[in-house]
Each structure stands twice: as C-alpha cells, then as structure tokens.
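So, here come the structures, one by one.
Shared chain: chain A. Partners: chain B in the first complex, chain C in the second.
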Partner chain A sequence: MTLAIQGLTKAYGGLHVVNDVRFEVPSGALVGVIGPNGAGKSTLFSLITGFLAADAGDVSFEGRSLGRASPMERARAGMVRTFQVPREFSHLTVRENLLAAAPGQSGERLIDTFFRPGRVKAEEAAIAREAAETIDFLRLAKVADVPAGRLSGGQKKLVELGRALMTGARMILLDEPFAGVNPVLIEELSVRIRELNGRGIGFLIIEHDLAALNKLVSTLHVMDRGVLIASGAPAEVLGNPRVRDAYLGGAAA
Partner chain B sequence: MDAYLIAIAIITAIYVLLALGLNLQYGLTGIVNFGHVGFFCVGAYTTAILSEHGVPLVVSFPLAAVLAMAFAWPLGLVSIRLREDYFAIVSLGFSEVVRLVATSERWLTNGVQGIAGIPKLFAGWLTGPAQSYAVLGLLVAFNALAILAMLRIVRSPFGRMIEAIRDNEEAVKALGKDPAGFKIQVLVLGAALAGLAGAVYAHYIGYISPEQFLPLITFQIWMAIIMGGVGRISGALVGAGILMLFLEGSRFLRDVMPFISEVSMASVRLGVVGLALILFTMYRPQGLMGDFTRK
Partner chain C sequence: MSGFLELAISGLMSGLVIGLAALALTLVFGVARFANAATGDFMTCGAYAALLGFGATGSMVVGGAVGLAAGALVGMVSYLLVFRTLEGRPSVSALLASIGIGFVIRAVLGVVYGHGQQVFQLPLVRPWRVYDLRIQPNDLKIGITALVALLVVFLVLHATPIGRRMRAVADDPMLARVSGIAPRQVMLALWALSGAVAALAGVLLGIKTVVSPEMGWEMLIPVFAAAVLGGIGHPVGAILAGVLLGVLQEIATPYVGFTYKLALAFVILLAVLLVRPKGLFGRVEGVR
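Up next, the complex of A and B:
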C-alpha cells in the first residue's frame, strides 16, 4: 500500500471540515476524489501533505508513518502536491519554475556555486533537458521563457503539474488539474497522466470535471461535508443515490 | 575633484554596500529586514574596538564582517520562520538592542561618548586627498566584488531558489525544499556586507557613537532600494545615488530658505527624502531601474 490515510480529522471551531477520513491508495494507482464545493477535499490534501496539522489521524506512505513530518519531509519522501489556486513563482519563467523543482541540486549550495561551477553546470544541463521535455509534454513551449505570473489560469495549472513531475515524486496529488485547461488539452493531459502512471507514478486527483476524471481513474472517493460517503469504481459510485443527493444538496444550498 | 565631492562619493559608496545587502535580502529573497543598521553597527564597533587594542586593519576588517554574520545567523535561526511582518519587527528590535548595548556597555564601547581616534585607513602611507581617493578606491573594490558575487548568485540555482522563495514560499515547501535554510544564508550574507560597510565607515569617520546607528539608517537604505529598483543590482547603485542627492542636495535648501533654523533643517531634509519616496511610489513604483521581474 503506497499511501494510507488513517482517520484524518480537522475541525475549525466546531465545524468538522475533514472528519475521520480513511482510505488507501495502492502503489501506482490512479484515484479520484470528488465532492461538492466545500466538501473538504483540498483540506484533506493539506492534511496528507503536512501543510495543515491534523487534529487526529495519521498518514503512512510506503509503509512509513508520517506523523508530524513537515511538508518538506513529505515531499522529499516522494509525495508531492499541487495547489488548487496556482502558486507559480510569478517572476520566474516557466522553464525556471520547472528547474527550481528539480531535487538535490548542488548549485543550491553557495559553496558549490562558487567553488564547483563545473559540477553545477553539468547538473544544470541535465536538469534543463528534463525541463525541456516536460515543457514539450505539457505543450508549454510557446511560453517557456515567459514569467509564469503572466500566464493564463490554465497554463499556471500546467506549470504546477510540471513542477510536481520535475520533483521525481512517486505519488502526486493534483488539486483540480483540469480547471481552466481547454478540453483538447485535458484529453491529452489525461493520456500523459495515464502514461506517467504506467511508469509507476501514483496519482490522487481532485477534480470537478467528472467526465474527464471518470475516464482516467479506476477508483473514486466521494466526500461531503468532511465525510467520506462513497468509494468504488466510477460508474458504481456515480449511480449511488447518496452521492447524487450530496451534489444536488450542494446545488440547492 | 574637491574634498566635499570625494567625501560624498565615499559615503555614497558605503550606502551602496548597505543597499546591495538589503537588496539581496528583500529584493531577491523577500526578507523584510528592518534591522540592517544593527549589522552595520556591529561591524563598526568590532573594528573600532579591535583597533583600540592594536589589532591591524587587515585582521579587524574581515572580523567586522564575520562578527556581523555571527549575529545574523542565530537571529535567522530563531526568527526567520516567523511571518514576514513579525520578522520585520524582530529585526528592528535586534538593531535597537545592538544600539542599546553599545550605549550601556561602557567598558567595551565607551557608552554615549563613543570611540574616538579610530585609525584612518592607509594612515602612515597616504595623507590628504590621496588618502580619500584610496578609501574610495577600496570601497569601489568592495562594491565590485559584492556585485560580482551577487551576479554569480543570481544566475545560480541558489539564486533561482531564493527568487522562488520570494514569489511563493509555500510552493517551495511543496517541492521539498526548506525556505528557512536559504533565507538564513541570505540574511548572513547581507549582514556581512553591512558589517564591512560599518568597518569602512568607522575608519573613515574616525569616531563612532551609538546615535550614529539609529533605525533611521535602515530606513534610508530602504528608501534607496525602493527608489532605485527593488530586486535589481543596479537599483542599489542608483538608489544610493539618489538618496545622497536628496540628503546632500537638501543642504542647499538653506540658501533658498534662510528663514529655517539649523535645527529644523535636519527635519526638512528628511521631509524632502520622504516626499521623494512618496512621489516615487506614486509615479514610478518599480523604482528608477525597473521592477524586480528580472535581475
């Protein structure tokens, strides 16, 4: 089991935003999380990745309990998230955004920058090739050298995904990766995500575009008001009356 | 060049050194350091006290920078993880503590009387204008080295990471990199430049006392980088120049406004710089050398 979510709970005041959520993501799986607005999906991601401290529950990744590990430690352990509202490095170009994400760069140490420029340069060249591939892969070549702050919302989402890929993570948590991305590219992205998944990267994806998500994932988890209300194969889950109620209730409110 | 102009050039060059450090911290990394003058003060007192005890300048100068770094490191360690506005307050507090210690620890610093008779640079070799030129030359060399080092940093993966931190710290964490480690290093580097600036200042003026290290100095450096262009190395150069232009230029206001007393003149001059700052933020918020989008 790659990722095990064990009773995560988070309350603000008296309101349980995430309430005893538990499920598992097998290694190399493609899993979706859905639910109406405010269901607690993004909060769940923050709990999993350590950006928020859980009131109760734990997360284990590749057999190791993460307890109170920091977001940095969790990312370095191989589990990386993206953000619903893109957090691009706005003054860096798209390419630089991706380069910054590459792990273990000796050039990020001042000593090496000044005293081992050869090594830094060689590493940088290798990372640059990887970044160029990722940029092509995400169809960002046209804006590769534009400051990321000037991109459209959809393009920024692609930059977030690109950075996550550059980290070499084995488990990637995507918070609404398709929001603002054009339908043609969504199709393509889905193909590429499946391809990456074929290479062993697990994905946990929050998405409101159910049509696109259903084609992608093998398992869906549905949240409503902090609680996990259904889990299973997409067709089965979407036929569940409780799930329909949750969505309609959300729309009526 | 007459002595007055050389003197101004020297003071400007000291400001440039300070502005380069602050620009590295704020412009490139987003660290809101309101205590820059504290490191300047540590550098000045370090070399002044060591010189009093006969330590040669070639030793006391590097030690001034090292001691400023030694103050910055623990400060960063305990407070850099704070939210940026809290760090601003802590750093301001730090510089005031430094000044208060310089005021009260008379055995070490001679208190409010300050330390006089700090040996001049190049004393014994050069005198008069030649000496001033040499001091200026030394400052130009320090600044050139600082700029070269900063260019190297800006173009390195380290430089990319500190700009990423400035743009979005949470995203940096999400990638598995610890912003605090980078920020502490930057704080320490900026402090080294301020310490060095303090050392040159002490030996150039020849006399230091706590009242020369008021928070006002910090805010003048801030004005310089805001007017020059935050996040740009050229911004520090140009900004320090504009600052001096206003500080010194306003001296001549007395010629056109003879009714203002000597005492109120200091306030008027500060008002002029403040007014310039307001005009800059209104009409050219990106500073003279442009915004911090690119280096």
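Up next, the complex of A and C:
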C-alpha cells in the first residue's frame, strides 16, 4: 500500500533530466525529495502527477499502475498534488474552493439538482461539515467566505492543502510548499502537515529549502543531475559528502 | 409621455429576452471560452419545440417545458458531437463550428416547417389600463417568467454543487481536473443549462412576435452586444446589459425608425469594444 516510483525516466534531446529514479513512499510516510536547481526535481514531480509522460518507468499507487493515467485519474485514485505557485479558484470563496473538491456528489449532475434535491442536500450538508472542520483545522476561519483570489500567497498554500484534503486524498504531493512563504507560516504549515501525517495521510514533498524539510520528513531522497544520489534519514543523508558536493556545486553554478 | 413609457415597458420585455439569450451565450463563454454563435438557433429550436408542445396540449406551460427540454437537449448534443472533440484546440475552431451548427439547425427547421411564420395561438387579452398606460398581461407573464428563470440560473450557479463546479472549471480548468472534478459532467450540465436558457428566450420571443427559422439568428447581434456590454463571462452583467439594450432600442425607435433600431446594437457593440472591452461589469479575464 504505497506510492512506488519505478524507474521513471525522461529525456529531452538525449539529455536525461530524470534518469531511472526509483523509490517508495510507504503509506502514511513523510518523505522529501531535495536537490540543487536543475536536479530534475520538478520534472520528477510532473512525471509522478501525470503532467508529463515518462519515456520509461511507471508510477503505482496502492498496487495500481498509474503510469498512463491522466492527472485527474491520479487525483481520483487518492493521490493529489499542490502547486509551487499556489493555484486557487480565484472567484470562489475559500469555503467553495474546498467544497468544489469533495468527490462523488450526486450534485455532480444537473438533473439530480432538480429532480433529487433531497439527496443532493443531504450530501451537501455532509461535505459542508467536512469543509468547516478543514477550515478550522487550517486556521482559515477568518477568510472562509472571502474569494480565494484575495488571499496572501501563504494563505493560498493552506487553501491548496485544504483542497487536497477535501478530495479524500491518502497521499498528498507538495511541490515546494515553502517557496516564497514567510518563516512563521512555514512553521505553521509544517505543524499542519505533521498533524495530518499523524492521521495517516502520506506526504511526498519536493523542496529546495533544506532547513524546513529536514526537520519535517523521516526519509530524504537527494537528486542531482537527474539521478538519486542518496536516500535515508535526513541527518545521515545531509552528512553524505556527495550530497554536500552536489549542493555546493549547485549553489556555485 | 405614456407612449414613451409604453415603449420603455415593451423595451424591458424584449430586453429581458435579449438578456436571457446573452446569459446563455455568456455561460458558455465563461467556461468554454468561445462565443457560441448557435445560441440564436438554440432559441429557435426552443420556440419550435414549444409550438409542438403547445399545439399538442393547448397548454403554454407544457409548451414552455417542452421548449426548455429541447434547448437543453440540443445544447448537450452539440457538446457531445462537436464541442467536446474541439476542446483544447484554438477557440476559433469552436466558434466556426458553432456557426456551422447554427446553419444546420436553421436548414433542418426550414425543411421541416418551411420558412413561413408561425404564431402561438394564444387568446387575445384586453390590456390592463393603469392610469393611461396600457399593459399587456402577456408582457407581464413574459417578464415574470424571465425573472424567475434568471433567479433559477443564479441559484444553480451559486447555491448548488454543480454550479460551484461550473464556476470552478471557469476559474481554472486544470486545477479542477487535478482536484478530481470530471470536466465531462460539468460541461454537459453547462450546455444543458445554456441551451435551456436560450430556448426559453426563444419561446418568449416567439410568444411576443412570430416563430420562424431565422428568428434566433436575427437576434444574434443584439445578444452579442448585450453579452459584450455586460462584460463577457459575467451572468448578471449580461442580463442588465440586455435590458438596457432592449429599452434603448425601443425608445430610439421613434427617432431612428424601426429598420435602424437593430443598428443601435451594432453601434453599442463597436463602442464597447473600442472604449471599454471589459464591458460595464467586466472583470479582468481569468484566463491563465
């Protein structure tokens, strides 16, 4: 019952941006992927979430191969992503942003809206409760009924997390969640992520900011020039000379 | 003065019809990002279907319901057969396809019903006199029906799960997909809603004037003008602009003559596009 990255490979004109990357994220784990700029992290993320088609390799989640699945199918399978530059339904309120992501409603169909209003209403009440709890959990109550487009970048990251939660995701993939977020909110985000992880939700976090990540995750994978160069507990990985080399090389470039 | 007011009232009625059709246009535009030039012909479909229903039962309510259902059906079929396959292509493809769909609808209706005019054989009712103002009871019913329809559309968009999803897809289709929102269901609902709204505009127009295969097509310019004036993709703006346009057209008639009142829509369309392309109520378009 894991997310398995099985030999993902992507090349552009003979240059391997991601080369035979393989690792697993056990269900309920908190795993990070780091690497200097140009290491292939973002490409790997796009391959896992289906935004790019892999040249070789597969992604499987809970035993199901998703290598050919569309981003939507992957989301519906329980594996939901967020975006580095947060995206939101900008004209919808924060609450509506969360409600829109709740799956499997009869209200998906216009005909039920008119001819089975009772059922639609009952389901709506259930997801409204869930959305209210999620909003409280993320400390977004003050802005719950504000159009999401008016929120700060950090708040939008929280909304993204909330949207992912509302889909019922069992694995949340975060694309540089700490980029452009102030230190106070980084701490806040980290606390929420840890709490959610405590409830059994798995996280795969791709991040450039080492400091924020190594306190958070239990396992760290390091990428450089398209390949995994180290994997393990954060302290051990960060002591690895190859990792230091890669980071210094990356910073100097 | 009372003549002027009567023109204004008549303008209000035709304005509501224009507004409804502009709403149908703008609904599709907001989500599918192209101007559906078959909107007028969806209206015509609704009017003919309502004639059938009315003829079979003698009830205008049944006729209207049949018209709405036909409009919803035509909208959904157009999406499933044509617009679905054009998703992801430049929007001009969809625009051209919609012009084609309009031609097909007009041709089919022309072949089946001929190009003559038909009317809803509604009983003549004596107009009410309020002071020295004459008010047609039918006008009032048309106005109320249009307002109720607007309220229903507004409620669907803002108070139901499917409406929320429509607005979500309109905001960011890609984000909607990765949130697990199936675009197919949302688009079907959208086309059904837009088709039904257009059909209702057609039915009301048919009651007020005559039913012919070209009736909706001929309304397209004022409908476009209203949608653009209201700020395209903006439902409330479409209605208000439609009403404004209808009233302006009627009031201008004594001055510019019947033939040229349509030209007013052109002038407004041009002026808005040149001076304020966002329209009166437009927001900065959320296209990413």
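To be clear about the criterion, the second predicted complex is superposed on the first by the 246 of 253 C-alpha atoms of A that agree within 3 Å, B and C clash if a C-alpha of one lies under 4 Å from a C-alpha of the other, contacts with A are read in each partner's own complex, and residues count from 1 in each chain.
Everything that follows uses one rule, which is that contacts are C-beta pairs under 8 Å (C-beta built on N, C-alpha and C of every residue); 3 or more make two chains touch, one makes a residue touch a chain.
What you see is a predicted model; the values in this text were computed from it and never measured.
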| item | value |
| --- | --- |
| Side-by-side fit of chain B and chain C on chain A, or clash | clash |
| First, second, both or neither for A:A144, with chain B first and chain C second | neither |
| Partner chain in contact with A:A128 - chain B first, chain C second, else both or neither | neither |
| Contact residues common to both interfaces of chain A (with chain B and with chain C) | 49, 70-72, 75-76, 80-81, 83, 87-92, 96-97, 99-101, 103, 105, 107-110, 113, 120, 124, 163, 167 |
| Footprint of chain B on chain A - complex, ascending | 49, 51, 70-76, 80-83, 87-92, 96-97, 99-101, 103, 105, 107-110, 113-114, 120, 124, 147, 149, 163, 167 |
| Touching residues (chain side chain C, partner chain A) in the complex | 156, 160-162, 164-165, 167-168, 170-172, 174-183, 185-186, 188-189, 192-193, 283, 286 |
| Complex contacts: residues of chain A adjacent to chain C | 49, 70-72, 75-76, 80-81, 83, 87-92, 96-97, 99-101, 103, 105, 107-110, 113, 120, 123-124, 163, 167 |
| Contacting residues of chain B [partner chain A, same complex] | 149, 152-153, 156-158, 160-161, 163-164, 166-168, 170-178, 182, 185, 189, 231, 292-294 |
